[in-house]
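I've put the structures underneath this note.
In what comes next, chain A is part of two complexes: it sits with chain B in the first one and with chain C in the second one.
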Partner chain A sequence: MTETKLDRITAIFRDFFNLPNIVISTETTADDIDAWDSLTHVELMMALEEEFNVRLPTKVIMNAKNVGDLIEYL
Partner chain B sequence: MSFFFPSIYSLLLDLLEKDIFRFLAPTLIFLILGLAVYIIKARSEAFFMFCLLTANIVLLKVLTPMTFTDLFLLIFFLTLFYFSISVKGFSPVINSSSFLIFIAFWFVYKYFPNSFSIKSQSLVGFNLIVVGLSYLGFKLIHFYFDFRQDKLPPKDIMHFLNWCLFFPTMLAGPMMRYQDWRSQFLNIGAKFSTISYGFERILLGLFMKLVLANNLYNYTLGAKALEPEFGGFSVGVIVSVFIYPLYLFFDFAGYTHIAIGTGLMLGLRLPENFMRPLFARNIIQFWREWHITLSELLRDYLFLPISIFLARNKLAGKLIKTIIPPLVTFTLAGIWHGSGLNFLIFGILHGIGLAFVRLFDTQLSQLKLPYIFAWFLNYVFISFTFIFFDLKISQIIELLS
Partner chain C sequence: MKVAIISDSTLSHFAKILKEKALSDGSHMDVLETDFNVGQLEVFDDTSSLWRYDPDLVFYHVSSFNFSDKLSELVDISEQENFSENFFKDHAFALKKIVSKGKKVVITNLGYLPDRVHGSMSPLTRCEVNSQIDLFNSLLYSEIKDEPLINLLDLKYISCCIGIRSFHDIRFWAYGRFPFSLKYVKDVVDEFLNIAKLHLGSVKKVIVLDLDNTLWGGVIGDDGINGVEVGHEKLGYLYRNFQKFLRRLKDRGILLTISSKNDIKNVNLAFKEIAENALKLEDFTFIQANWENKAENIVKIATNLELSLDSFIFLDDNPAERELVKQSLPQVCVPNLGDDPSKFIEIVSALPVLQTISVTAEDLSRTELYKAKAERKKLENQSVNLEDFLTSLKMICSVENLNEANVERAYQLIQRSNQFNLTTSRFNIRDILDTNFSSNNKYLCRVYRLRDKFGDHGIISVAVIRQENFHFIIEEFVMSCRVLKRTVEQFIVNDLIDLCNKNNVDLLVGKYKESDKNSLVSRLFLDLGFSGLGNDKKLKLYQLDPKNFIRIKSFVSGEYDD
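Showing the complex of A and B:
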């Protein structure tokens, strides 16, 4: 239960992008991760939805600028 | 005295024929406007907007084949569009149906220009302006959807018209979003630093367009197709195929440099449109660096909505989810460029290319291809698909025969 949201997000990112050492902060944006582009974006969002068992609003998926924007919806 | 006028007039016409003047006339006009704002310290936005609109209309009249009737109709069309989608009190049904009517009108106008005119000539002139209409259509789609999502700053008809008709970006981008346009006008006006930087960009652009692109053009298949002895395979054909992306890059990026430089005369920072796409190691990176403002609009208004829709759809399998979004997006983007069958094929090929790279990205990265090899493969793909951009289908058949 001590696992924070950010830890869980980090685990998803590491698994999804196959980058076991990547560090995720609320400031992380798509520019920081090469493989995080518009083609992988939606799949990544679906992975996050599954982990947190929520449904992200379409607007958030389209407009989130960094991980911090996503956290409050997860 | 009257003796002089005809000769001055013909001299001016002579200048108009010259490429340089075509590119520098807007620069000069916007420089004067920018300096005027700076000197007068005019903060009357309404007056400035009026001057800017006048400048845009004059430039469209002088430098494009548009007549005053065309311009009048275009402005009338845009004003009607603006009010029908944005006036509060109209129900959303009226707003969205008027949007659809306008888009349908625009679509018919672009793809079947002849159906609108009595003569064989379209109301709004051709060539240049047909491309311009593509951009305008996309701007209207962006404006409509962002307006519906309450993402737009206060609207103002003069801003809207100037944004639609802003001459430097009207014909070939870069496509600036309405939000960026409005926020920049808070501190508009020329500064010495922006003007000198603007001239740097314009000089670079003129060099790319008039020196590099204009010379490379002679080696492209499009130029060779105009000669009588066109057709048949030769080494020269392959060379032409490889030269075409270079030509297109210098032509388009050069034009963009000039447009950005011209915007800087007013202190306006237009978005960048090109990075180094021809050095890309795959097609995804290519589209991230080529015609960036178009790619980003395509991403936001086609690709992401389609992807999200499919991702939430239980029936769609992984293959469909990966292949359909880029394929649909690029097919439509292909048609957006023009009405020929060749543009459709161009779009489909690029959609398949993107889906392929995405589908096999793990395998491709495991291959650990050296950069030069990946780059070469990608350049070959780009060159050969761009044949469909360069030539009409009938010309390609002629080439193969």
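Showing the complex of A and C:
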């Protein structure tokens, strides 16, 4: 299950950051992607919410350290 | 177009999407985002980055969350109840200051927040946040209602359409002071662009309507006047409702026309005999009822009304007709109306082309000039500094010699001017034109047109010069009083001096002949730097040496046809 979620997340990251070859793992953090800053972060959260049709808890939006932290809420 | 954003919250996404959308629309928008919360201060500092940027348009945004945060800091109930007045005052000052600079402003109103502490009774309670928001909004409306430089962006309406809970998503406010959910930034940008476009030009204002199944249900030619549906119930109610909506657009100044595949007799009969029709024949500026193709009919309407096709909106339930018009006349706005009358009003209301920057009836052809004049007057009153105001008018005077094209209007101006008329000699300048500037002709006539950021005033001044030896004598000098106090006369004297120097004339002579009505200009030549040359009671003469003349300051720039 985590695998397919990660695939969908990867697709969103690739599209969102316009990085068609990027590999996303549960360990990926904002430090790994230059364009992932505080402004794009919120947009990225919106994109994930839309894709998975969920509302992310605020603490996740604010404190998520890596993709793995997000996955369980998606 | 240069847009400056002033806001108490983070609008970086707004700025980003605005630039992208403007670009994809084919217009370029340069955006300055003033620092969050500092924008308001920058307004009051004449040397701030905001004013150095010199924006064409200021987007002024106040966020409901910020409003609510400040309100909820207050403990005292009476302070809470008076919060919006105090909060508004600061913004009103900032708005006045921006307007005094001659800048256009688009300001948002406040949308409701989901919080309430008095349940369903909340609207009756003054200290509730949404009650204070209402108060703030009404203060705002009365402040900007008569101010043509300020337009409202109805954020409250957008947030209601979307739903206030999703629009005002407090997670993003908490995260980074984002005033509304990022999901809906594009909706706000769209609305903003629609308003901004009005400042860039084309305002659409003619609606071409189909009849059968658009204004009423059924086909008048087949079903007859008793068979079509328009009235007070069911489908008929919806069609009539749509007609009433169109009538309100008409009252706002939008022209309604008809292009219908019908016999004109049936059309006349339908409007005369069916009392339930909310629209009457006289509500339509132009009616085309025939069997020709609708694109051609629209072109005919456009030709007759002398309006360009990009002012047209075509409303028809028939997708084939819409497609035809879309393909043959791409300039025409053709919304996808569909055939369900319950959706018509919603679809037309959402058309960006129906945005307006004024809430008064805009019979453009007749009232534009007067409206523009009122705007200038208003601006002048509020302007902090007259020189800034005059500069902001961006006045351009085009200088012409008398010719076939301008003689009539110039002649009329001379005949009609009483106050700004130096000699009231009612000189017949047609004679000058008739002699066709021959070498024997001692007369020269300068004709001045003025335009500014608000519009074209046409010919506003005429000066008739007679050459005598090496002197130029101003035999007649009239000016329209509409352009008084705008340094046009200073501009004209500079022009006449140039003319003297070009013709090697060594003296410019001004004449003032007192009449019952021209005391306004009794000191004009003295004010313009001439010196008295002796006078008798009725005729005063003044002189100026063109060679030693220092140009007088004027805020008008020139455009010459010679």
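In this text, the second predicted complex is superposed on the first by the 71 of 74 C-alpha atoms of A that agree within 3 Å, B and C clash if a C-alpha of one lies under 4 Å from a C-alpha of the other, contacts with A are read in each partner's own complex, and residues count from 1 in each chain.
Assume a contact is a pair of C-beta atoms (placed from the backbone, for glycine too) under 8 Å apart; a residue touches a chain by one contact, two chains touch by 3 or more.
If you're wondering where the values come from, they're calculated on a predicted model, not measured in any experiment.
> Do chain B and chain C fit side by side on chain A after the overlay, or clash?
In the superposition, chain B runs into chain C.
> In the superposed arrangement, does A:37 touch chain B (first), chain C (second), both or neither?
So A:37 only meets chain B here.
> Applying the document's definition of touching, compare chain B and chain C: which contacts more of chain A?
B
> Quick one: classify A:14 as touching chain B (first), chain C (second), both or neither.
The answer is neither, since A:14 touches no partner chain.
> Applying the stated clash rule to the superposed structures, which of 9-17, 99-107, 261-269 or 333-341 from chain C runs into chain B?
So the stretch of chain C that bumps into chain B is 9-17.
> Which chain A residues lie in the overlap of the chain B contact set and the chain C contact set?
38-39, 42-43, 46, 58, 61-62
> In the complex, go through chain C and note every residue touching chain A.
Touch residues, chain C against chain A: 12-13, 171-172, 174-176, 178, 181-183.
> Mind pulling up the chain A residues that touch chain C in the complex?
38-39, 42-43, 46, 50, 58, 61-62
> Which positions of chain A touch chain B when the two form their complex?
Result: residues 18, 35, 37-43, 45-46, 58-59, 61-62 of chain A touch chain B.
> Can you list the residues on chain B that touch chain A in the complex?
149, 284, 288, 299-300, 303-305, 307-308, 311, 321, 325-326, 354, 358, 361-362
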